[in-house]
Structure formats: structure tokens, C-alpha cells
């Protein structure tokens, strides 16, 4: 397996040049566009990796999976899905349009920005700091990495430049979709986006989802199987922005991507896999990372559907 | 004329009960729903009025006419209309949707909230305070009322509750449609909305527009005829939100309404007329005020088109 | 006046090259892009004209004014406006989108294609032929030209190529917005678009609207003043597609344009004016014709608002 | 397994009353709302069934899977996906809106009406009859039922009432998205919708997809594995209209539903399952059928993701 991963990283590195590093958040634009890492974590707790698989980067939208797991644990699916839908959406990931045209102001799903901002507001903890602590703790349990932490440079970079998300949050406030202070809620959201992890961390996270909530490396029962099923299903239909259909055809695995360059995927009952490559395609998914997962899925016959 | 105005106020007061006082800004909801005033100012400087025509209320969207006049004076039509369109829009007045679906992020016209917020940002004065001072000065010149001022209760009420406008402003910031500090720009916008005037003031404002920029009461040349023509034309097509077509059919005059309950109308070369009635129809126009102007237009044969 | 018109035609002919002849209907593409005509009809029945003012062309959307006048006569405003709105719309003139997004399937106004197709269906005559006969008769009365007739080449060209309008009509059928046979209704619509007239005819039509329904050339009382008021008001807010705002600023007259190159305008109580120039701007309004009307409005001080 | 199926049919029959039989096609409204059937076909060619599993009904949208398989065989994925996207869409299944707002007029995916109409137009056969014959032949191969045929009553019922699809087709014609005669293309589409099958037939169809294109009952190699992978992936993300996300969470299987009441699902490498229940939920999916598949997925541990 180790060998396969290394061959794939070598074969896919040229695809880095087909993408572009995210530039709308200044701090993200500093990433090395030619970085590429690949990792795999099995149900036996064994981890394989190749390339820049231990290079830390911010989780960005992949953290939406973490906060969804936490919200489902703390509030239950019924409450969560009374506030947020579970359908995919054809519009780009930070669209206000897709909120407004429906009239109802219920974000389409927990993996678009508006959905995750509503989740941050809903979490049943006394203040913003304790909400973020709980998210970070969940991320540590899912990755089995207790040193996981926030990248403050990225956090402040997002906080001070993300007018689109700020617009989104005030819109959600105006429709009573979020409660409490808008800036406090945004801070939680920007912080979760700024949690730093490696491809190895994300492979273990995928393995925790594959293992129905049990982290195969640490043995911890992080959440019940019921939650793993819901989250995996949403990763299938909405995990890679408006490219979820193409990703399903090419890779055939439930996955979640982030503009930091990570993609975390899960093969139920068998393994987690993850890629890191900060050069993104036009939809915001890692260009070489997607290619690497496609090749891995093909060569190791991992395709789920 | 005095008599006609009084008859119309009496006849139209029952229509107050067909509308509702604006409640989304807490301070506005305190208005008396049964208030109704009507005023008319001729080219000879004579002013007639009836009912609650000296009752002060906040200009709200009518102030968009004032800031447009100022922007056209200071920046010229070419620059202004490179940043803002001059077409009407079928969607409600505070829509983000109507910004986003175009892709271009140029507000449709200066009389929707996004357009007026962009204008506030564009004004060529050193800071927010001097921008607002200039708007207030323009309002004083147009109404001939040098004591016109800001209602601070309404201003703070808007400032602390208007999440939709805040969302709009951050969206405009994210598309580089406004420059400078968002909250400072919003303060100018909320302040202009909170300028307090009476129906008599607004009738004189309408007469200034009718007089091609010359205030017939004070004799001041406030702006050149070119600007009066542009502003009157925009009042025809976009002055009463998405009810401009119906208003054109019923009243037949260029006009601008505000959710404070005012309607300011102009009959070129002949007079300004204004109504005040805070109970609004479903589109945000004064219910009894619209009826009163319709009746006045009919009885005094004021219909322009 | 004759001299002014001739000077304007000479001055504006170069603007023909800024536009393009409509090509989506094959027969229309045969028009001479450099043709330009201008005509004016006063309340005294006198007619002035210059350039290609006696060149026949098809009325296209200007016929929507004719069918609206007829429908208001035959059915009354209340019934007509229960089926069709009277608000302008920011989207292009043949949009299905603007029907569907509202949910209600009531066309925005009688001057967009869907509105006029609904009107054709509503007319209270036994069959398609008699409906069209009544429209043609109304056109003859408004223009005072009893020889006005259909251009069959254009009619068949539209009938066999206008898949967008056919799509629109079947959509309206599916929402029960039109009754009866779809192809029969489309035939009426395509026929009214194909009525051939000259700029002189349209100037008289404008004068009939200016004269509150009385044709100043023939003396015929074609429709009551009430109808003239409604139609003129709609011409102000929706007459020139999504360019109505700009047209109001530049020309300042109620008007209706067509992709055949005609523009018919009206100055209430004073005159009708019309231009012909088949080279269209990007919104579908005659490029040189708009310029000519702007210049005429300026030089003869015809601006209404 | 037989027993499990029978228990589920008994347990789920009450859910029939939560749905409504499709009424927009008159012929469909005659179905028995309390019918419920369930069938399963394994890789060994064994078929189990319970309830109304041999009751024939029209495939409706499930036929879109058949025509997609045929188009991929005949034209290859590259050509097909140059004309049709593969992303899900949040709007309802017969939306014109979702075509128009993009500007590009490429239907979102092959499982919305516009996508399937484009496919019908693309098929490389000389005329409409031979196109439909090829689709019918593909359906017979996938189901292993050589007697499968068209229900003419439903076909004519759709043909004469489906103004929305006719509107859609003329719109696609107007954007050059379909070639050839519109009515001929619609006939192919309406005919494929009207192919009659049973839940048993559909279970075998699902098994053919599960078997990578090999029908496990007849042993026929209907299409290559590559096509099975693409079609299954699209069934995951777009198979059950705008309810695909919820279906993924509840049932966890790639599936395609139709308004005739059928749902065809596939568990790769293991089996096909199908349900029939004509009472539909608000999204157009079989109410009791969805419930039955959810229960089966739970009890027999069939959940894929």
C-alpha cells in the first residue's frame, strides 16, 4: 500500500499546476502550490502515507464535518435538521442567493457556509469560547491527534477579510436563523476553519467515520454509528461543493473538501483516506488531490458506488 | 386649493386602516397609524396644507433623493451611473438576491438600499461626519427648512436592528462596490434615513425638483436643471419600490416614498406635493397617502402622464 | 418643425452603425440598417416627418399597446389586471425565468411577451381570426390608416422560428394562464407583431394616446380617456424593455419600442412622435431612433418629466 | 429473505396513506394508492418478492436510467457530458428556471426532464421510432423481460397533457440544445416514460447495475462496468429528485424513482432492490416505497454509505 501511495503522489504531482492556491484569504495564498500528500488509515489502526502527508494546513470546510458531528451528538438529528436542510445545492458554496430565493431561509445543508454558521450558533455551550473548545476537542478525538490546534494567522486573516461570510451571517441574523451575537458566531466559524491538521490526521478522521464513530487508532468511541451514517450520506451528496456529482463519478467515495487543499474521504467499514494539495480547481477542490484519490480508488479498487 | 386638500384628508383618513405602521425598525412602530397630512407648494412659493402636515417623521427612503442630488452635483452623472444602474427592479427594495443574480454587483438604481449605500460610500468628503453634514445641508436647501435635523432615537434604532442592511453592506464590501469602513458607511445611510421632516417640507422639496433645482420658497438655486431631470425620471420608474407601475397608473406623478410614511411627488414646472401617513401598504408605501395623492391628482387634474 | 426633424435625421443617421438589425427572426434581418425616419403628429391633426418616415416595417412589440387598448376596452381594467400585473421587470423581455420565480405565473405586465400572449388568449371574440381582426381594426383606428395590414412573410418567419415564444406559451398553458389552443393563440400574437406600419402611422398612434383616445387626424374617438391614462403610465414604466429607466432619463416621454425598429412616443395633450431605425441597441431598442427622440425632446423641449 | 420482504410490505402499507397518486397525468391518477410491492434480485440470479411486486406500472423517470445507459453505450461519456452536466440541482425536477438562470442552457444532469429530453435528441439512430426501439430493447435487456412494452394509454395521456415538458422542449430547441423535430423528440421521451414494468423487473434492472452491467438472471453482458459506475454515481447524487440527500441518509443506496410509483435501487456487487407504491410524497417519490426500502436497508444491513 505504501508503495502504491508513493507512486500515485509521483504520478499526480504534475496536476498541481492545473489548479490555483486560494487567494481570497491572504494567509492561504502563501501555501506551496506544488505540495501533494496522500494518507490512508485502516480499521486495524495502521496508517500509510506518502508525499507531504505530514504538512500541516487549515481544515477550512472539512471542519464543517467536525461541527456537524458535534451538533448531532449534542442536539440530535431532529433538532439539527429542523434548522438546516440536507439537500445539495447547485449554487457555489458561499451563496446568499441560495438562501434568499427559497423564501424560507433554512440553509440547504450543513456543508455550505450558511449551514455551518447556523450550526455554530446552535451549539449548546455557554459562550463562543466554550463552543470552539468543544469543536476542537471533537476534531482531536476524530483525528486521534491531541495536539491539534488553531492557526491564529489564518484565523485573523479570515476574520478581517471575510466580508462575504460576514454578510451571510448578518443576513441569517436578520431572518432569525441565528441567535446571539453575530461577531461571536463568526469567530467560532473562522476558528473552526483555521484548525490545522495534516493529511494523516484527516485519514484517521475518515477512518473514524468508516468505523461508525470508533477511532481505529486510539480505540475511542467518538460518536454512535447513527451519526456516522448521517454524516457519510451527506458527504456523498454535498461534500465537494457543486462538484459532488463529478466527484462521485470519478472517485466514488463519500468525501469532504476544504479550500486549504485537503480532502477527507471514507470507505465505510474499511478505511479513511485523505489528500493534501493546496492548488484548487475552479470549484474549490484540490486539483491534484482529487486526481490522487481517483487514481487510488481505481488502483486499490476502493470505489464504493 | 386649501379646501380641496382638507376635503381629501377627510375623505382619505379611513384608508389609514388598510395599512400597517412599519414595525421592523422598533422606533418607527410608535407612529400614530391614523395620522394623515397633505401639502402642496407652488412655483410662486405659496404652500397649502391640511391634516397632520406639520407632523415630523423620518424621511427614510425619501432621503435617497437627497443623497442622489448631492452625488450628482459632486461627482457628475457619468461617474455615478458607472457605479449604479438606472433601471427599475421587480424585487423588493432590500433584496440581496437582486444584486447577486446579475453577477455584476452594480446595484440596479440609486433608490434601492444597495444603491444608496454605494452612494454614501462614493460621496467625496473626508469622513462619515462630513458626508452626512453635506447630505443634511442638501436636505435643508431642498426643503428650505434650515432647522431640519436628525432623529437620534430612530437612528440608533435602525443602527442596532438593521441586520439586513448590514448584510447588504458587507456584501457590497466583498464585491468592492463600496470602499472604506462598512460601519461608517452604514452610519451615513442610517442617519440620512433618520432626517426628520414634515409633509410641508417634502412638498417644498418636490417643488424644488419641479422648479428644475430652484427652491421656489427661498429662491435658492440648489442644483442645475440637468440634475432635476435625471432625478424626476428615476422617480417615475423606481420611486415607489415595486409598486411604481401601479403608482404611475393611479397617481401619474414622479414620486418617492419612504417607510416613515412620507410620499414626495413633483409636477414639473408647476408644483410639489407631499403626503404623510405612516400606515403602509404591503409594498411599503403609505396607504392613505397614496390614496390622497391619487384623489388630488384626479380632482386638481395634476396627472402628468 | 419640419426643418428640425430633418436636421435631427441627418445628425442621427451615423448612430445607425452603433446598432444591429434583429436577426433572430430571419425575415427581420433583411431590413436596411441605415434607414432612419422621424415623424410627429400634433393635436391639430398636422403631421410632420423626415427621412424614411414612410418606410413600412412591422410593429412587433408596439402592437402590444394596440392589443392592450383593445383588451381594456373589451374587458375593463379590473379583469385585465387580475390576469396580468402592471409592474416593470428587470429581466429581458422574453424571459421564462421571470414568470417562474414568482410562483404565481401572472406575467409582470402587458408589455412583456408572456403578458401579451395572455392578452391574446383573453380577448372576448369567438376565434383566432376574429381576435386578430379586432386587433388590426384597433391598429387602423389608432393610426388612422385603414390600409394597415399584415406582412405575411414576417408572420410566417416568426411562426416557424420562434421556439422561445412557443416555449413561453406552453408554459403559460401548463399554469392555466391561457385558455384554448396554444398554436391559435400564438398565431394571434405573431400576427399582431407582423402588422406593418410607418413612422408616420406610429406618430398618429402616439397622438391618439396623447389626445386621450381621440385620433386628431380622423377625429375618431377610439377609446375613452381612462384607457389612455393607463396605457401611457405603463409606457413610462415598462415601454422600452429593461431600458425604460435610461429612456426616461434621456428622452423623458412615455414610449413603446419594437424589434422591428420602431419607437412610438406620446406627449399627453400635445402630440405623438415616432422614430424608425432597425439597427437595435443591446436591449432591443432602435439605436438611432432613441438618439433622434432624445435630440427632438431636447431641441423642441418636449420632455415630460 | 422472502419473509423479511413480506413483513416489510405489511408494516409499510399504512404509509401509503401519507402520499398521493400523481394526478397531473390523467392516466396515472387511476393507480391504486394502497398498492405496495417489494422485490430483490441477487447476483446469483435469484429473485424474491412480496406484495404487489408483479403489478405493472409505467417507469416514468426510471426510464431516464435506461436511456442514459444507451446513450453512454452509443456515444461515450465524453460526448454525453459535453451536452449534459452531472451535478445535482436543488430545484424541482421539471424546472425551466434551472436551465435559464445559468445562461448556458446545459441541463444539470441526465435525470432531470430537460437532460433526458436532450438525450432522446442525441441518440444516434435514424428516426424517432428507431430511437425508441433501442431504448425499449435496452430496458428489456436490463430487466431480462423480453415482453416489456409501452402502455399506450399513458403515452397518449402524457402526450396530450404535458404542456410543461412541451414548453421545456421548445425552450431547449430555442437554445440549440436539441436538434430535429421537437414533437418527435417529445414522443420518444413520453414513450420511454410509458414503458410498463413491475417491481420484479426493476429489481433485476438494479441487479444488472450492481453486476457492473451483467444481468444476473439472463447472464447477458448488457453494458461495460465503466457505464455501470457512472450511472450508479449519478443515482446517488441525483436519483430521487431534490430529495436525494434525505434518501441517502435514510436508505443509503444509489436509486432512481419515478412518478409512476417505482423506485429502483442498486447495491454494487450484491443485489438490486425495487419498490412499487404509487402514492407519492411531496417530492414525487413513492411514500410507502421509500419507507419499505429504508426498512429493508436497515433490517438486511444493505446500507452502502
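When the chains are written out, they are named A, B, C and D in that same order, and each has its own residue count from 1.
The working rule: a contact is a pair of C-beta atoms (placed from the backbone, for glycine too) under 8 Å apart; a residue touches a chain by one contact, two chains touch by 3 or more.
Nothing here was measured: the structure is a model prediction, and the numbers come from that model.
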item: Intersection of the contact lists for chain A and chain B; value: none
item: Centroid-based (C-alpha) most distant chain relative to chain C; value: A
item: Interface sides of chain C and chain D: same vs different residues, half threshold; value: same
item: Whole-Å gap separating chain A and chain D, where each centre is the average of the chain's CA atoms; value: 32
item: CA centroid of chain C to CA centroid of chain D, Å; value: 47
item: Whole-Å gap between the CA centroids of chain A and chain C; value: 55
item: Residue numbers of chain C (touch at least two other chains); value: 101
item: Pairs of chains satisfying the touch condition; value: A-B, A-D, B-C, C-D
item: Residues of chain A touching chain B in the complex; value: 95-97, 100-101, 163-164, 166-171, 173-174, 182
item: In the complex, chain D residues that touch chain A; value: 85-91, 98, 108-109, 229-230, 232-238, 242-246, 248-249, 252, 254, 268, 303-305
